[in-house]
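Pasting the structures here.
Both complexes shown next keep subunit A, but they swap its partner, so subunit B is in the first and subunit C is in the second.
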Partner chain A sequence: MSVSDTNLASAPRRANRSSESVARKVARNVGVPVLSIVLLLVVWQAIVVGFHVAPYIAPRPYQAVLAVTQNWSTLWPLVLGTIRETVYGFVAGAALGISLGVIMAKVPVLQRLVYPVLVLSQAVPIIALAAPLVLILGFSVTPKVVIVAWIVFFPVTVNVLDGLSHVDQDLVNLARVYGAPRWRTFVQIEVPATATPLFSGLKIGATYAVTGAIIGELAASDGSSLALYQEHANTNLNTAAVYGTTMLMTVIGISWFLLVVGAEVFATPWQRRTVARRSWRRVADQSEGDSAR
Partner chain B sequence: MSASAILELRDVGKVFGDTVALEPTTLSIEEGSFVAIVGPSGCGKSTLFNVIAGLLEPDGGEVRLHDRPVTGATGHVGYMLQKDLLVPWRTVEDNITMAKRLTGRVSSAHRAEARRVARQYGLGDFLRHYPSALSGGMRQRVAFMRTLVTHQPLLLLDEPFGALDAQTRLEMQQWLLQVWKDTERTVLFITHDVDESIFLSDRVLVMSPRPGRVVADFVNPLARPRTVDTLTEPDFVVLKARIMHLLHGGTP
Partner chain C sequence: MRFRRFASLATAAALGAGSLVLGAAASSAATKTITFAYDFPGPDFELTPVVVAQDLGYFKAAGLKVNVSFPPDTSSTTKLLATGSADIGFLTTTDMGVAVNAGAPMLSVANYSMRNNWALFAKPGTKLTPGNLTAALRGKRIFSYGDTWTESMLPFVLRFAKLTNQQVKIVTAPTGNDLTDLLAGKVDISTSTTNYEIPGFQDSGTKGREVQLLGTKVGAPDIPVWVYAVTRSYAASHGATVKAFLSAVKKATVWAAANPVKAAADFSRAYPKSGYTNAYNLEGWKLTIPFLTNAHHQYFTQTNAQWSTLAHALKSINLISKVPAPSTYYTNKFLP
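The block that comes next holds the complex of A and B.
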């Protein structure tokens, strides 16, 4: 029988993604979300103007934006503070979540022992947690980081645990048949197989991280924070500043979420590509001995 | 044992709870031969394979490869299932070299071999593709190449074409015979499909369930190379009738 290339080329998923023009890609992935945000602002403006809403009840979008830009020098350090709490807390929470997920997946006894405690930890209202945390840790950045991590770790643990428990056992057995040591099987098979659920957990964590930081700032703040700034503005009926700060918090939250999404896109190219990116190793190989072609 | 046996089983059996998955079985497989194992579900075919591969420790008996005991040890056979088990996060080339990566380092020589094999068997244009871009038949080919480059002399193939459509399966069978001839391996091939077992093999073992055991051992008289015409030869039909008879409750 002749073995030729010709009758094999009926791949179900062709590489048509790459043939799509860059402009269209940008339009679809960036243009549409931006458009929906612009639309939201337009609706907001229309409602406020149309129903003659007083500025102290609800400001117009541009007033909210102005309230931010005009006080940028005051706000900027506060924003940095919130970002710091979010990032530290997220990283700590993700690290804790991954470690717990892996340990629980590998030691079933621990899984039964620890799981109820984890669920319990999430049933505790975060606000109620703040007071004892301040007593223990003081009014520093630490209690906020702890609150963020407290929120972030849970979806990460649950997803990692779930992912690791659902790795195809036939694949693990195949590695065994090859004579692979268990740690290699873990690193090369189980870890990448868990990438998708891991990132699901991280994305959920990322959306809640800023909320955690703001709650922490409210409940455990010693004076200067974005959340307190907003509270002062609210007391002074400076509604534009209240809305402006909310927008800032939202932007921080979305940016962090997008960063995690970006990390996922970078880390899991097989999810959306049919052909691998060129790597230095492959290039070296090709130049070395592919004259046999 | 005969001098040319690559694999020997001596009274190898396995019981799960009350179920005798495999009665103590003694078996000798000749080096370079293509042996098909056919039987209904639950006849212990896969248990037999898992014991040979070292995934299952048998209750008793001994597995010997090249006259060395390997009972319960892994790392000495090539192994492939109906599920292609390609990892979606690696390219075709990196899937082919997977065994080396799992047991040591993948050198540029290993990668060069993977590319050579892929080109030889018609997948040269897909080396940098992820498995999701391939059809079922192509994926099985990659899985088989991955098994080949382990350089194990004995290949255990557990219904490798079971999930393919009839047309692709026939192509893959002819392709497998070609590769088998090129590479001079010993193949143990599990299948449900009687036609397939006869078409491919030098020898057909028939297994039966409850308890799982080998009930017959046929020498396949058909000449090679096999073509589509093989499927209608008188010898083919006679052998098929005898196997069908056994599979449907008859006695040898």
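The block that comes next holds the complex of A and C.
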């Protein structure tokens, strides 16, 4: 059987598999996580009910949800505040991390000089850093943004540095042989090669970013914040609100992580497709034709 | 309540991770081991009576071996008691108020202090009197740890000053340090109890005297701040143990009040890594002593009036939903 025969024979099976895989994909990507959350809630409910846990020790899941829904008008501005701190800090941390990673990769002396300091910065317990930051920067959003950025920049820097140091040198040499300038080699070879480790760093940063924002809010806030709302609920033994706000913080964290995953999917199509989309190929063909003329 | 300072978080975390066995008294068949839960994640000088009771053998004589446990945060002592992780606890009266309101079966068995020594503090040279309170607070940044006590007392002060929450800026920092923020000029007014704030100010080496205004002079109710508490079920089943504990602690409190230097040294020896200097412990303990007895020079005795005042105060600021009978909160029947 020739190669083309093989392809023709497998075509219907592939189509069938593709339609199956959509349903399976949905089940796997949405159904399984939802099921695991439902299971978690069931276990939680069973423990609280089965062991007769008093509501001031731990609430039932629906009580935690009610504590959020019934106070939504109060909580929503606080959630927005936490999201704002998270986003600002994440963007600042990512920008700093990428810049540092690139600079350190390009200037080895600087890498040797700065890298130990970066490691040292992460060895400092962030909670110990929060109070001095407040003393220096005040009670506004700034110290929270700095704390988030502090958490986010390190994994980004390390991953970008790692990515840039593992670029295929044959490709770089080939580009140089063809007379590509440095910036073009960087943009077309090094940047794409760094995308995967960069997004790994961003995903790690995204997971911890909300934690940073909450630590910052706990260090000091003038006015109210989600962390202080939770703290007040805790001191007043309102455990339903404590668990409810914890759920909210978790949702913010997961949403932010998923957004970064979405950005990765969009920015690195080659990870999922071995050939470019038809529309992109058309554009590429057209530009090739133009340059040939 | 978080009025403590200078204890490093690391110390607090290390101590909070587990309980500390006070002394190594050989256990005998007659010795009963109990866990005493403090109200703060690390030890400080208010623990002096318990340390002295151990050091002078009062617990042993009462047939007790006492483990001191430090909660992970200042809101967990009630939970430690309610879950049976601790037997006897140290709480603020406002914590008792919200605990009972939340349905926790807590019972205060003795007062630790008898009066309210919570105050407002400002930098040296600042004018802070009942007469100028409105001007002194309007638009100013007031520090709060976000604890139940400060949350309960501040509304009374603001009401006295005829100000609303919107007319001042309340800076809440559960993991912060009121004195550092005050001295650094990050806040205009700090809030704390006198026995913690004044030694902290002295330890800071700042020149001049910190300006203080007692909360009771500007509308705050004059009620005890701290109590010893148990769960109702523990009180019912271990009444003799509660009585033995209070008897030993009372002896120790009387001794420590009469011998503050030795008592502070005892505490410093028992907790050398608490993060506090002996001078701080001594000054703090000395400032605590006047608040340990009532007008009749009695230790520990609780009254209907104090709990009634507390409940009405908490209700008036919507921290609790209803005012229960004073007996819901306390009993004096275990007093030595």
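Definition applied: the second predicted complex is superposed on the first by the 255 of 293 C-alpha atoms of A that agree within 3 Å, B and C clash if a C-alpha of one lies under 4 Å from a C-alpha of the other, contacts with A are read in each partner's own complex, and residues count from 1 in each chain.
We adopt the following convention: a residue touches a chain if its C-beta (ideal position, glycine included) is under 8 Å from a C-beta of that chain, and two chains touch if they have at least 3 such contacts.
Keep in mind that this is a model prediction, so the values were computed, not measured.
Undergrad: Mind working out whether A:Val251 is in touch with subunit B, subunit C, both or neither, as first, second, both or neither?
TA: neither
Undergrad: Considering only touches as defined above, state whether A:Arg184 meets subunit B (first), subunit C (second), both or neither.
TA: The first partner, subunit B, only.
Undergrad: With both complexes superposed on chain A, which partner does A:Ala128 reach: first (subunit B), second (subunit C), both or neither?
TA: The second partner, subunit C, only.
Undergrad: Of the two partner chains, subunit B (first) and subunit C (second), which one does A:Ala195 touch, if any: first, second, both, or neither?
TA: It touches subunit B, and subunit C stays clear.
Undergrad: Between subunit B and subunit C, whom does A:Arg176 touch in the aligned arrangement: first, second, both, or neither?
TA: In the superposed model, A:Arg176 contacts subunit B only, not subunit C.
Undergrad: First (subunit B), second (subunit C), both or neither: which does A:Leu237 touch?
TA: The answer is second: A:Leu237 touches subunit C but not subunit B.
Undergrad: May I ask you to decide whether A:Asp168 touches subunit B, subunit C, both, or neither, giving the answer as first, second, both or neither?
TA: After superposing on A, A:Asp168 lies in contact with subunit B but is clear of subunit C.
Undergrad: Which partner, subunit B or subunit C, is in contact with more residues of subunit A?
TA: When the residues of subunit A touched by each partner are counted, B comes out ahead.
Undergrad: State whether A:Leu259 touches subunit B only (first), subunit C only (second), both chains, or neither.
TA: Touch status of A:Leu259: no partner.
Undergrad: Subunit A residues touched by both subunit B and subunit C?
TA: Comparing the two interfaces on subunit A, one with subunit B and one with subunit C, no residues are shared.
Undergrad: Within the complex, which stretch of subunit C touches subunit A?
TA: Spelled out, the residues of subunit C in touch with subunit A are 9-10, 73-75, 78-79, 82-83, 95, 98-99, 101-104, 141, 146-148, 151, 169-177, 180-181, 184, 186, 319.
Undergrad: Inside the complex, what are the residues of subunit A that reach subunit C?
TA: Touch list, subunit A to subunit C: 54-57, 125, 127-128, 130-131, 134-135, 138-139, 218-224, 228, 231-232, 234-238.
Undergrad: Taking the touch rule as given, give the residues of subunit A at its contact with subunit B in the complex, in rising order.
TA: 1, 3-5, 7-15, 168, 170-171, 173-181, 184-185, 188-189, 192-193, 195, 268, 270, 273-276, 278, 282, 284-285, 288-290, 292-293
Undergrad: Sort out for me which residues of subunit B touch subunit A in the complex.
TA: Those in contact with subunit A are residues 53-55, 74-77, 79, 81, 83, 85, 87-91, 98-99, 101-103, 108, 111-112, 115-116, 119-126, 128-130, 132-135, 137-138, 150, 171, 174-175, 177-178.
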